[in-house]
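First chain A sits with chain B, and in the next complex the same chain sits with chain C.
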Partner chain A sequence: MNANASPEMSNLSLSARDDLSGYLLTGPVSAEALAGSGLPLPQSQLTALELNGALVARTGTDEYMAFVPVGQEWAGCEWCFPRNDRVLVVQGEGWIELMLQLCQFDFRKMQPGDWLMASVAGVNCWLYREQQGGALMIGFDAGYDHYLSEIFSTLVRELGGKDLTKGGAL
Partner chain B sequence: MKFRLDPQPLEWIDRSESVSFRFEGQTFSGFSGDSLTSALLAGGQKLLGRSFKYHRPRSVLSMANHDVNALFQSSDATNIRGDVTPVSEGVDLRACNVNGTLANDKDRYIGLLSRFLPVGFYYKTFHKPKKFFPYWERLIREKAGLGEINTSWSATRQPKRYGFSEVLVIGAGPSGMQAALSAAEAGADVVLVDENPRIGGSLDYQLANEEAAAKVRADLKSRISNNAKIRLMEAHYAAGWYTDHYVPLVGPEGITKMRAEQVIMATGVMEQPSVFRNNDLPGVMLASAAQRLIARYAVKPGQRAVVLCGNDEGYRAALDLIAAGVEVAAVVDLERVGKRGEWAKQVQAQGITVLDHSAIYEAQGKGALSAVVVAPFNGKGCDAGKSHVIPCDLLLMSVGWAPAAQMLYQAGAKLGYASQAEQILPRELPQGIHACGRLNGAFTLEQRLADGSRAAREALAQLRGEAVVSELTVHRDTQSHSHPWPIIGHPKGKNFLDIDEDLQLKDLINAAKEGFDNIELMKRFSTNGMGPSQGKHSNMNGIRVLASVTGKTIDETGSTTARPMFHPVPVSALAGRRFRPERLTPMHQWHLKHGARMMEAGQWQRPEFYAPSTAAGAVTAAQREQSIVQEVQAVRSGLGLIDVSTLGKIEVMGPDAGRLLDVVYTMKMSTIKIGMTRYALAVDDSGVIIDDGIVGRIAEDRFYVTATTSHAAAAFRTLSLKIQELGLNVRLANLTGSLAAMNLAGPASRKVLSALTDVDLSEESFPYLGMREGTLLGYPVRLIRVGFVGELGYEIHLPANAALEVWEKLMDVGSAHAIRPFGVEAQRVLRLEKGHIIVGQDTDGLTNPFEANMSWAVPLKSKPWFTGKPSLARLKNSCERRLIGFRLPQGFSPKSSSEMPKECHLIIQDGEISGRITSIAYSPSLGRIIGLAMVDLPLADANVPMQVKVDSGAFVAIEPCATPFYDADGARQTADLTEVA
Partner chain C sequence: MKLLDCADIGKRPITEFDYLGEIRIPPSDADESTWADYVFNRNGAPGVLRERWYHRPTGRWFIFERDTLTDQIIGQVDASEVRYEEPHYEIPA
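Up next, the complex of A and B:
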């Protein structure tokens, strides 16, 4: 077990979200498209909102990243592009210690509902703390799945937690 | 453990846990908590190492992580610092830098040759004759060195972590502890770090027997352990200061990269040795070293001692020796005893002889100290004629201090010599940096506590953005704690100023006299301060010597720079956890399953070539060549499929999209017709080629851009930057990861693809360089007719989650045309046959389009502006080299690999370098070796055979020729040859 691990970290876990479809929306009609589909509309840049299982982050003046439950119908817009994100979820005591080994952001300051875009282990990621439960979602290009999943899995196990993406729950 | 004392009140050792280990073939035992050195000393082993140059016997000096003559070697590590490394069960050690055994080092006679090894002899002696230098170098490395690296040791990595704090306090002595408490009690988030395994600092060894300090100690430690705002990091040292208060804290588990808003440095002072003849004998040590041995490890440092004093602290050390049962034969004071304080009175009250206005003229002993020669001292030198000898086995030096100010210098603080304190002290500190305690000249316990509070107060004020007037000097002592000249000359020398490098007093004086009279020059010429302790014991005395020789003040003489990291850091800690991002395409597993040998392309993994698995596992060079040839032939004669998902894929949208692309790329993009593409060449402001790809037009206000694999992210950044700079109404979408791409190439490509897509692929509907959208197996696709490999072909861009299914279907349907997947190497050969460049391979960091024969892509006259245009306008008529095509004679067959021209081999003309090969390969289509070379003008235009120097040293002739090498008129990529046939 890692020297920085503590008994409280034993409820640390890593899981994956495969139930979301990601989209990038940009252009002057992007906000209208989101609102028209009943999706939340963050007012400030680099903030995010959750609603009915969907998550929308505002990443520019009129640029948004939307993650909607797989299968949910919505209109989109002309400049709307499907994303190919892999989403991991870290939760439980010790998630800050885990992230301190991967990212130079002070995660003590990250509150539920906060959105962040940062480099994690050298890969551009978006990070979001869920409103309920405070689990940390980490999204990144699926091409890095092999690399980042291995790193997260190793660290979670070093810190005494469980990797639920590989049957660690059993 | 015959030198082990009775339990000491603050000792670090756990007497309930014995530890056994071996040193130089002998078994020793110690206690858990012992350092290697303390355990050895407790067991009576005084000789711990040999010196760097003369292999002189050495032992303890500081017990403060600076004892560079007590470095040990184990089976899996070297240069182990005995003074601070905890002893561990079963470890087997030997001394570093020893020829034979420590006791009978065969090189111990080198010292007899010292008169032939003056300062700078390395520079003066070995450069002529030049041919012998390798011999001398090898010899010097053997004789003068440190530990030995064993390259079979397994690599270890220690994870790094990031840390954050509002206030970082470095040093947990009394002032540091007080500063941390003051800051935390005011509400700040504090990290308190100390290099020792326990907090307390000098409070716990120098003032271990002071009754007044006991209460303070208990109070400080209790409050710290109970304060939730303080995170304590023991056994961590701050190794340097970096911009924005970024401080690496090195601990047993690795590095914590601490980002602090305020840094309070309470790093203390480093005790300095006196310089006199044989001041390096085992038994001569700093007073604080003896105090550490007694207080921390309960080790009796000697039986009969003399204490050399230049300050009050020496008297405190003498009292501690007496308390530990050491006989104190005399105290030798460099000045008048009457100016000393209470501790001196206590020493005198115990009947100890005090010889004031005296110094140690010489230490005596064979292998270890047996006596000292004491002589009257006038502040500059000794009267040797009035000397007398005092037998002793222990000599403590307490003559002064140097600030542990390395990180203050790194942070940009201004320091200067305070003559009243005879110490370098901070004068001006940058924002967010604070200094307190002995580092700041506060020496009494009361001063140190008050100074710690003061520093915390000022840090908190800065943290809150309040104006603050620094009271840096308020709590400084008015009494000096360092002697200005603890340096004693001797006609026979061996008075060492830098024991890391065996530098004697005369060496520094001679260096200065030879003209190296600047402190930085003297350091480099003499190597003063260039050993493992990095001048911690020698820099201050070196400055004093240089100031004396040049007649300058200490301030005028200056100090050398201690760069971060100023203390050795294990490579395993620097390495950290391996973070090397690796990116896979959706077809990665398919590639592996079908024999792909993968290679790195930036962060991506790409198939280099495909070869069937062999019984031996590894693919031979011949098998590799054969696979590449077969892949090339498949594309030329039938069909090939390559995964090009790694290309950058960017959608550019908005009313100003065409204008943006006109700025970023050399050619005009705003005139591309909808449904067509154009070659896109990007140069930087200096006209150097940085990327290429294609731009296709989807709609009036919408373009699709591809970039090279390694430049995809940079291309997106450049586009984003230009939008901001020019205030353009453009949106970007980086689709590099969400889209996959593959290139179906070969005469049969149209036939195979047309069966699977609703896009009309006929020549009339979909001409060369066209781009069409439609569906393929029901998935939305974008097809692009481009010809990088020189055959009829289609780039298929589609959603990443559809890519594998489409790939497998194409392989299935294409099997009727002997389709083969092909890798990067075959693609390189195919494009070379066409004479196409690869940016970064055929170009370098200075290549402009004219040199690469791409003036056709630089419309200087017709286009008003693009990035790099002004530079290219100047470069157009000043080219000094040019890319040319070449071939080797038909049937060229080298005897071995070393006779074969390769990429980067040089073209030599009249004995001068005139160019280099950028690409070379066997062309299956031509049956000979072809290549590209960047050749100096006018040779590049001469069209004469050139000579390439190959690995063996031989010269091989190459023949310049025109490009493309293959299908010069481009008929194959614009016509469906299967229909023609």
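Up next, the complex of A and C:
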């Protein structure tokens, strides 16, 4: 943690996305299943696309991770497995400074629309910068929620931001 | 911070990887002494090894050539170059 962080208020904020259902699609019909459901289909591996609130990342030759709004109906496929990811969102100035304390990736290179899979505070995470607004989504196994949420919350507050995952109360 | 430069995912810190050791191809249809040598002995002399490295966040395997004297990664090797047939075993009756 950065003991010298500025206590001044900033527009940095931490929130959570509970409105997405995650799935892992694999096998030769995975692309067909996504296209048939009207979900975006990234062409290159380790890239992601957003469409109508859904996010799809291509993580392998025939493997995709899809996050669709809760309640949105889609066909899926035989080799479609539900995921239980916790998704945090960091937004506002100072997000790069925050991430530099948790991850060794050079986030200055990360542009809106970029997808990354990296270790954050020692936990395997996927990261995506939203096209609109540039907020950073951080997804990980929900078993690490308590650990990572505490770390993010502490850092956001140290940097003068707001933790909106706890009702906005500081 | 030590970085590994990978073709698919770019430069990544070595802490994101697990080291899975040298790739050693089993001697198919060999006699017992050859098999014993393969199973029990290792050449510890410095040199270039082909090694498996696993990148945890992406779940991808990489094969690197590493000079064990200088600890420098020389290059990345395509998996097809180290593919081999499984040895055929006769199970004794």
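Definition applied: the second predicted complex is superposed on the first by the 159 of 170 C-alpha atoms of A that agree within 3 Å, B and C clash if a C-alpha of one lies under 4 Å from a C-alpha of the other, contacts with A are read in each partner's own complex, and residues count from 1 in each chain.
Following the convention adopted for this analysis, contacts are C-beta pairs under 8 Å (C-beta built on N, C-alpha and C of every residue); 3 or more make two chains touch, one makes a residue touch a chain.
What you are looking at is a predicted structure, and each value in this text was computed from that prediction instead of being measured.
A.B. asks: Of the two partner chains, chain B (first) and chain C (second), which one does A:108 touch, if any: first, second, both, or neither?
C.D. replies: After superposing on A, A:108 lies in contact with chain B but is clear of chain C.
A.B. asks: Examine A:38 and indicate which partner it touches, taking first as chain B and second as chain C; both and neither are also allowed.
C.D. replies: neither
A.B. asks: Answer with first, second, both or neither: which of chain B and chain C does A:53 touch in the superposed model?
C.D. replies: Touch partners of A:53: none, neither chain B nor chain C.
A.B. asks: With both complexes superposed on chain A, which partner does A:146 reach: first (chain B), second (chain C), both or neither?
C.D. replies: first
A.B. asks: Which holds for A:100: it touches chain B only (first), chain C only (second), both, or neither?
C.D. replies: The first partner, chain B, only.
A.B. asks: In the superposed arrangement, does chain B or chain C reach more residues of chain A?
C.D. replies: Looking at chain B versus chain C, the one contacting more residues of chain A is B.
A.B. asks: What is the contact status of A:84 with respect to chain B (first) and chain C (second): first, second, both, or neither?
C.D. replies: A:84: touches chain B, not chain C.
A.B. asks: Using the superposition on chain A described above, determine whether A:118 touches chain B (first), chain C (second), both, or neither.
C.D. replies: The answer is second: A:118 touches chain C but not chain B.
A.B. asks: Determine where on chain A the residues touched by chain B overlap those touched by chain C, and list them.
C.D. replies: In chain A, positions 104-105 sit in both the chain B and chain C interfaces.
A.B. asks: Please give the residue numbers of chain C that touch chain A in the complex, ascending.
C.D. replies: Interface residues on the chain C side: 1, 8-9, 12-13, 15-16, 56-59.
A.B. asks: Which residues of chain A touch chain B once you look at their complex with the stated criterion?
C.D. replies: 2-4, 24, 26-27, 62-63, 79, 81-84, 97, 100-101, 103-106, 108, 121-123, 141-147, 151
A.B. asks: Flag every residue of chain A that touches chain C in the complex, lowest number first.
C.D. replies: That would be residues 45-46, 59, 104-105, 117-119, 124-126 of chain A.
A.B. asks: Given the complex with chain A, which residues does chain B contribute to the contact?
C.D. replies: It is residues 159-164, 252-253, 257, 259, 577, 579-585, 588, 604, 651, 653-654, 731-733, 735-738, 799-801 of chain B that touch chain A.
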